[in-house]
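Just so it is clear, A, B, C, D, E, F, G and H label the chains in written order, and each chain counts residues from 1 on its own.
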């Protein structure tokens, strides 16, 4: 598959890319619209190809704690789920962040709240970027906008997770998970044979025992640990911001959108320009760290920004925080599984920003 | 001598053509129609109405509760 | 022979012996043709009608194919999050002790994600009725392995058959439950033939009656089909059920009140 | 060139794989493609549909509200998708089981009784290929050569012996298509 | 107890106030630092006093779903927990929000992330106010700053919950939960005898069956429902903002703090004024709805604002969003269970705002 | 009599018959005086030393009083979230099949919040060793009712004694587990007298040995005390344990390998 | 008036209830009070302490780093809290089990051997009341009358027969207190 | 004739005075000291050293692993 394009669902691309990235273990529980990840894996039998472990857990709670165990013992482990399942994982995710374990969690978002719908949505942005679990922590959050990126971000997610000893989330949605596009894969990587020195791999005589924990009952030590975490997040903010700029050079108006919404806005840019409106699209690829400096740098150049999200307006807060009042920022969104269409996005720009 | 005769009414629009009633009828009364309903299902019907004893098997086994069953005692002479 | 005359003669109100209960709504059930969920719904509705407890019954629908149970059984109903129906039922029953509270759950719901809630509601002996539809698969999400999936059985997450070494044995959750002192009546039934349907209905009726008598948890498993998930026709599926499911999940009462 | 298509019918009619083959054909012809199915438990109800986009440019939204072409294989889908064809667009349908035929005057309507035709072939599974052929007759957006390549790619090797049959079905579809209403787009 | 002050822990005050508010059911699972809530209830035996049901659940997951069931059947039900337990409830909370069920959830926050520490913290602000679960929803969030408010907010929380059919969270922390202060209780209220017409109380012949669900697979209907939710939140934003202003009249600098931090800042105001710095304290009582208009109204009056939180800086974002760049806003916080002292807060004001 | 001389004569290296194993660290355990957790830790450490598997062992500490197990047993250790130790263990063992993986859990951890993870790890027959400390109470959080709390027993959330009607029966989780085909060896032990300690250690040793042989889940319950939670002196608590806990949780092997 | 006190010792010495009685006494005298215990599993280790604030004004922070008065009942607490007394403040301790006596010169130090004294009374449970008496001797922030009321409020009725004994213990404490070091605050 | 004699060493600073060893010694060797260690615990000690047989009961039952046990065979003449 290396050299040629294949047609695949986003969910399947995640699975194939995971195998090729040399992932050691996948632990998950079925939920629409991402069940194809595990289905692909169980069909591909990577345990024969690379020795990768694939296990259907009894629940998302079990799955996320399997990740904790697996990552704590130094292995590359991942899970995937969709919104309600991800909510169930919040305690586990907070533990993983607190124990600084490199794991990859894929959320193929569907409409909420509650059981909601199974259609695509982006209403888990806050949960992903601000921390849906308790305590001050952050996930690194990557937002793919195509099947190709679903594949590409798998290795990137693990690289970042291990580089920073931090959980990484791939925040996708039902549309990207379910749709097929052509995709090209990287060659098979070997699974790790060297393990991090902090991992519980068995205490050999040449070292102290390793301990994986998120506990420190002494508040002053706990504060020290929190400061260390915050420093790490600051580091990530400095070094790992990723985004894409489309027709931004001469733009007077900026759409800011990620994932599926960015796909739509790309078309909206064309439609707007066809009408003589100089629109551009800034697509955050990392949602944490958020490209706040870049967005701020556009505050002087454009007349307004429109955050387009499949939600009631979540990322728009980060945009406002980035520009701190320097330029008008509005939000346009659809909810509950509805995907906006490119033309209505242009109309929204006219109403909320150009006219407003 | 009295004879018990039965009849069924299938709500053909609600029938899903699953055939469970067909295989459950002890006297092979029911078959699926070659025609389909608006949902595209070949619905059940009394292919051999005479054989129906009104035993209710079809009614109670039909998942969708689509079958209404009637039963009447006839004097043999009546039939 | 006056065939049609006869049929028309027979089809009249006074000869009516079986028709859909009023406690089922007129909505067409969304289940696949031949799916046992439909039958199980109908039996519960019939029992509610016969016991005349529609106004006192509160149902709990699971997450699973039967998530829309509330569209069909005409009683006040809550749709629980995946696996937690027994927790809802616990609270409702304790807050409304004179109501009939029942849960309706699939095997993924009750025996995988909801294991803790299932075991602890039964262990506390919550005075509720639990209806458990064991079709050996996750129907709603497209046919993945359930904890009750048989060894060797193919599902979308065990495409080469369930392997004991990797995935363990089909869990005998109903037997576990029967061993808890909080359960009063535990029975395993099926609904794919007329005689099974008759027995299953009796069991469901008993379960509700014991609830009325405040006896603790009453639990009825229904070994059912999922022809979509199993990738068979409904009739094939029922045959496969007989041949493969019933040997592993034999039918009959598992725990019956001692007085009897 | 951008062609936005909805294919809709029952589950089991091969709706999804028809879309997939069309996409693979596009890939063979170096086009951008996207394939977006309806998903989830509404499949219980028995309907299935897929949105296919084939384009020379990077594809933006994979989900659409309006289509250049609708390929409709049952009555439910007719009711749902007839109104979504863009004015001047194309509606292609199979007549089997259709009780209310399409009525719009502002679109081009074609009929191909693929089900009937499939019944005459070795296997009725060719149905979707017949309809694909009919579509390609109207809109030859991919070359036949690439369609065959696409077909081969999307079928697991164990089914490759069926390729000639499928080719035949595609050709059959091209033959049986009938115009019902024509507009100038 | 009506007329006189008693000395009680915040956790105990919650419990006693719940009995007096006529709460029908409490469902919870032990966790430090709030186990006294259930301990008080099981000792007080309210089932003998008012018929209230008290049940120790097998987990927080069970407890939150018991709330769903109880509230869905029209009863006044509540739970309490602390951070990790609240994280476990996120799926359930999203369901409760999606099914629009009036419930009260008490979070006596401790330091995170993970198992963290059991000392007081305010690092669950994002989780509480932005939605730790999936989907676009909001809890109404009340932040008591004294044992008396722990008691008073119990009834208020239920009133708001029922008024808006929305879950309310009382966001407290370990300090307020564990400390004793004097408190006066309201007289015993009767438990409800009339139930909301949407509740599943048994379908009588005069009405259609009631259904409690958060599911609608049709994205357009799901969107309509989400719009309804958003309208409700807007309504709450308009009508239910609560806050306290201390020495704000002539203030040149504003501390903004809630809960325990507000207690500390109250002292900091005195210390600052003793040094000639005209400081004031604005204490949000509702965190959602956030007193954004009030804060904005101070943007013209003061020279700067300092958000003081026992976290890495969460509420500070809402303050910045409120003033939208009109006035400098800084954050001072302690983490991991450490409580800032009043003097260091004054120093922070000097450094970050006055000097900065 | 030359008393002191004799003692000094005896106390010398070559006469040493018992001393703390090196697999226990020198940290003073934070447990209350007389707490069975300490003893259980020691036995595990002794077994690890005797089997010489320190470098191949990975332990999982629970949330509960034994949360700090990692400070005492000198092996690589992970601290799990409350109730999820079996999930961690499952992943670790599958990713490191040649390591010895054990969980150590209290009754709240294993039999309340962790019920689903416990049952499913055992049902899958994960090749791990589970040590289960049943002290009938939530020690760490200050003595609330546990699922294994005895009827009538006073705890801070059952201050008038556990009432069956309200709270159900003490759960026999170990028997449930023994009934699952995935478990290979299931035993119930105690550690509050020297002879119980000897037996418990043998059981723990067996449990690790079966893991070495890849036999599936081995499970050792230790009926233990919580003198703080029970509000007794350590000696009183052990007596109370004998009189009250052991009749409900009788000691001995519950499931033993059939070959034997 | 604001008095900020730490009381620290072993669990079982009545540290928390001593603080509670002090607070209730304050309530009886219409003062604002707060009582903030150390909590959690560190109690396993056997130590317990409580911060008590009694004030005429609304109390801000219930947790403190520095105290006007430290009442110290064992060695561990001595090590931990001796340094936290404000210069000019007071340290009162029980000599039992103390191996390292307080050494600061900038605070007033008092000693009351309450444990020893309690051993002579009907029950050693009076220990904390003896220490309370000793404290009130140094800092009579609440009147005796209100202390007795507070005592009554904080004891469940079934223990009310012990009130006279407790009163006696408080008085005893007032008698046995000794100055060790005095500074002018 | 040989006689077996034992002796124990208690790590008094680590002893928590739980008394479990005291009640477990078959020959009543051990008692709690009236003195306390720095943690305030009355620690265990050999109150009747002659009676010790080195049976190890105390060692293996001591929760905190505080007791080291020695045992020696003496010819009776030796003692």
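Following the convention adopted for this analysis, a contact is a pair of C-beta atoms (placed from the backbone, for glycine too) under 8 Å apart; a residue touches a chain by one contact, two chains touch by 3 or more.
None of the values given here were measured: they were computed from a predicted structure.
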Required steps from subunit A to subunit B (each step between touching chains, minimum): 2
Of A-D and B-D, whichever chain pair has more C-beta contact pairs: A-D
Subunit A and subunit C, separation of their C-alpha mean positions in angstrom: 39
Euclidean distance of C-alpha centroids - subunit E vs subunit H, Å: 56
Contacts with 2+ other chains: residues of subunit A: 32, 55, 58-59, 61, 84, 91, 95, 99, 114-115, 118-119, 213-215, 217
Interface hub residues of subunit C, defined as touching at least two other chains: 31-32, 67, 79, 81, 112-113, 115-116, 120, 140, 142, 147, 167
Residue ranges of subunit F in contact with subunit C within the complex: 112-116, 119-120, 123-125, 147, 164, 167-169, 171-172, 175-176, 179-182
Subunit D-touching residues of subunit A, taken from the complex the two chains share: 5-7, 32-33, 118-120, 174-175, 178-182, 260, 263-267, 339, 341-342
Subunit C - residues contacting subunit A, complex: 63, 67, 79, 81-83, 108, 112-113, 115, 138, 140-142, 144-145, 147, 156-160, 166-167
For the subunit D and subunit A complex, residues of the former touching the latter: 20, 23-24, 27, 32-37, 39-41, 58-65, 153-154
Partner subunit D, residues of subunit B touching it in the complex: 36, 38-40
